[in-house]
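Here chain A shows up in two complexes: once beside chain B, once beside chain C.
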Partner chain A sequence: MIEEQFSIGDSFVHNLDPRVKIIVAIIFSVVVAVSSNFSALLPALVVAVLLILLAKLPVGKVFYRLLLVNGLILFLWFFIPFTFRGDTLFTVGPLVGTKQGVLYASQITLKSNTILLAMIALLATIPISTLGHAMRQLHVPDKVVHLFLFTYRYIHVIFQEYQRLVNAMKMRGFIPKTNIHTYKSYAYLMGILLVRSYDRAERIHKAMLCRGFTGKYYTLSRFSVRTGDLVYLTVMLAAILGLVMLQWRVTI
Partner chain B sequence: MHISEGVMSAPVLITGAALAAAGISVGLKKMDSDKIPEVAVLSSVFFVASLIHVPIGPSSVHLIINGINGLLLGWLCFPSILVALTLQAILFQFGGITVLGVNTVNMALPGVICYYLFGRLVSRERRIVSLVAAFSCGFFAVLFSGILVALSLVFTEESFMPVAKLIVLAHMPVMIIEGIITLFCVAFLKRVKPELLGGIYGKGS
Partner chain C sequence: MESNNLIINLKDISFSYSGNKLVLDHLSFQLLRGDRIGLVGPNGSGKTTLLHVIMGLLRPSSGTIELFGKTAHEEKDFRAIRKKIGLLFQDPDDQLFSPTVLEDVAFGPLNLGKSPEEARDIASQTLVGLDLSGFENRITYKLSGGEKKLVSLATVLAMDPEVLLLDEPTNGLDDETEEKITDILKRLSLSCIFISHNLDFLFETTNRVYAMANGKILLDETLVPHSHVHTHRFGRLPHEHKP
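This part shows the complex of A and B:
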């Protein structure tokens, strides 16, 4: 259930320096998030799709992922066309859908999916542990990086523990229903997860101290910026600059 | 209760990021390096809880437990929720980079507020006081989160008002379930490991 679906692969994007990918992903997302002009948003979507293709990710899986995370967007589509004031475009019973509303909803949909695609292409293609080290090199506070790496490590352990406990509950004939018994059982499940994880954390910490942990993480992986990375960074920054100019109608 | 990328306006995103940065820096100051493994394990419980679906009528909702998180972690719940949300963004693409600040504040701030409102009451001797406080903690943490999500939407665009109201209303059942779960969870912890509830993580040192 918890797996890094897109992080393993051998493509130009997978082999890029993770720091370059993080920087590009952040700048690209921010620019798209504050854009509102269709003449900038459509090219941005094209760029994002190109990034996915360049990463040679399985299109079906990427598409499925997009469907899953478009829930809120779909929900908004039921409202925005009707709550937005503007020129009438269509009517459903007593409700009036406006042109401005539909345009606004399309704009949000476009922005959301463009950023998602870029995130899948750029961030989801970095293994989490590499991401942690890259974050540290980008001067994210050490404590945050440690917390991030530890949390990722324990998600798997705790999820396994959770599955073990749920299996045990099923063996005893537990069937979740809408009643107090069910909620109580889930609450006790949470409780025992917390207690066990607390004990585990104590053991981990002692074990780490025994091995001489001083609050520093050492890594053998060295990042190096190669020509490919520089070319990629330049091209992407130029593309993003182009989007900015399209959005704010700047002409040279 | 994540807000997706691309929905919020720039001022809301910037305000969210600034508030999150402030909360996280307070949390980091109070977090000794020693405590990182403990906070990490709790952050992962928080992450895993969001994968647990409990039935409600014909449908189901996933647990949020930001009330319990706040109760156990105090201010540390800011960094804790930050990393959990970052992992969700990278692994499942729920949320994302530009909304990370807003989403962190929407989840963690209610946790911190509930820690101050109910933290002391929960560890009281009298069973009834402690249980009512525990229920309120779970209930209000989700309510405040819902209100913050609604506010983020309304500040983005006024015509989001009906959606915002509906989101808060739709979370009513979730609030009750979270309240019940927090109540039983606290009752359980009091019997099994009372020291966890003393806010030992939250105090800092």
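This part shows the complex of A and C:
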């Protein structure tokens, strides 16, 4: 279900301390998200592409992921250029596309792709379990980390349960149609899935109690920051500062 | 009977789920050190409930539970006991909740206060002991059914319990894995209670089999496991017989 296809690898980026990667990913994304100037956004895209190259990820698969997101962004291009007030750039029948609208849409496209690339390079290269532990060490609240790790562990189990139920429905000739019987059956399906998940959660909790769980979650992982991590952190922070300055200087 | 050999002593235990019919009906039961007891009985006869009552996961409405010579009432009493008694759940997906095998096996030892290094060592050793070396970094949900069962057993054994309670350990396993588990359990010198519908398995791993029905253990009708010589078509193929 969750394939984590980018998490295994042996590159400079893969070997970095996951905590450093998380911090850089967050700061970078926030800066890119609030930037509005192309002289800052274009260099940011270059930085993100460089990170992907450093992580030695399969370009085809990365491109495929970008395609999924850009499918959504395509819809923005149908609306934004025509709904923005400004100087006329082109006309399609009665619709008027504005220069400001096109610029705004390009900005969104650029930002989303840059952030996505950075996330793929920095976060997708961490196995999910390690990501959970790194989050804990960064003092993300325990409950959030537990939710994250348990979701990862059990989404597969719940999905299997869902498939079993759907198959059982199909075996008995269920064909979804637009009628009350279909809606009712789907409601039952969701209901029983919820009940079963709840029951399972209780059993898991009991099993944890049997193994001495008292509410505190200990972990095996120890991370250590090495010279490479510090160099990387410094370079990245400098780059992000550069982006901030580019953005700031032009808008002042 | 020496009292210090008495590990589990249940007296007059009754239990029902939210006021319905009694699942355990004034049941009394004793487990002595070295006892290896098999528990058979129809579905819904209260076998799993019995194990959960012993672990303190369910509280009986009446009766007393004595574990290792001490009466256990509250969560606090049971917490101390859970280090000594290991329970293997029926569904390994309930037991294995950590992302990786090593983390899951180390979960118990960490809770017992071991350092991460010690816990890691214990976990690795337990895995080696069950012929599961190389599984450390496997993702738990991607294991096969048989592997999940063996890893679940490892998670329980890593806590070094004195008593082992297993709930249908061979359920849904292929012959090869079943044989493996049988061999492992035969080697262990722990006191144990095994729930199973598989009489061949109980015959190999236990020295007494009790039957359970309607919330009671039929003590007077202790079943003695034994085998019959018999013959039928396709007898060469692996197969099971109804009790």
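Note that in this section the second predicted complex is superposed on the first by the 246 of 252 C-alpha atoms of A that agree within 3 Å, B and C clash if a C-alpha of one lies under 4 Å from a C-alpha of the other, contacts with A are read in each partner's own complex, and residues count from 1 in each chain.
FYI, contacts are C-beta pairs under 8 Å (C-beta built on N, C-alpha and C of every residue); 3 or more make two chains touch, one makes a residue touch a chain.
From a predicted model like this one, the values you see are computed outputs, not experimental measurements.
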item: Superposition on chain A - do chain B and chain C clash or fit; value: fit
item: Partner chain(s) touched by A:H14 [first = chain B, second = chain C, both, neither]; value: neither
item: Which superposed partner A:I128 touches (first chain B, second chain C, both, neither); value: both
item: Partner chain in contact with A:Y218 - chain B first, chain C second, else both or neither; value: second
item: First, second, both or neither for A:R136, with chain B first and chain C second; value: neither
item: Per-residue contact with chain A, leading partner among chain C and chain B; value: B
item: Touching partner for A:K184 - first (chain B), second (chain C), both, neither; value: first
item: Touched partner set for A:C210, first chain B, second chain C, both or neither; value: second
item: Nearest-approach distance, in Å, of chain C Cα atoms to those of chain B in the combined model; value: 10
item: Contact residues of chain A, present in both the chain B and the chain C interface; value: 128, 150, 152-154, 157, 200, 204, 208
item: Touch list for chain A against partner chain B, complex; value: 1-4, 25-26, 29-30, 32-34, 65, 68-70, 72-73, 75-76, 79-80, 83-85, 101, 104, 108-116, 119-120, 123-124, 128, 131, 141, 143-144, 146-148, 150-155, 157-159, 162, 176-178, 180, 182-184, 186-195, 197-198, 200-202, 204-205, 208, 215
item: Touching residues (chain side chain A, partner chain C) in the complex; value: 127-129, 132, 149-150, 152-154, 156-157, 200, 203-204, 206-214, 218-222
item: Chain A partner contacts - residues on chain C that touch it in the complex; value: 52, 55, 57, 79, 82-83, 86-87, 89, 91, 93-95, 97-100, 102-103, 106-108, 110-112, 116, 119-120, 139-141, 155-156, 159
item: Chain A-touching residues of chain B, taken from the complex the two chains share; value: 2-10, 13, 24, 28, 31, 33-34, 36-45, 47-49, 51-52, 54-57, 63, 65, 68, 72, 79-80, 82-84, 86-87, 89-94, 96-99, 157, 159-163, 166, 177, 180-185, 188-189, 192-193, 196
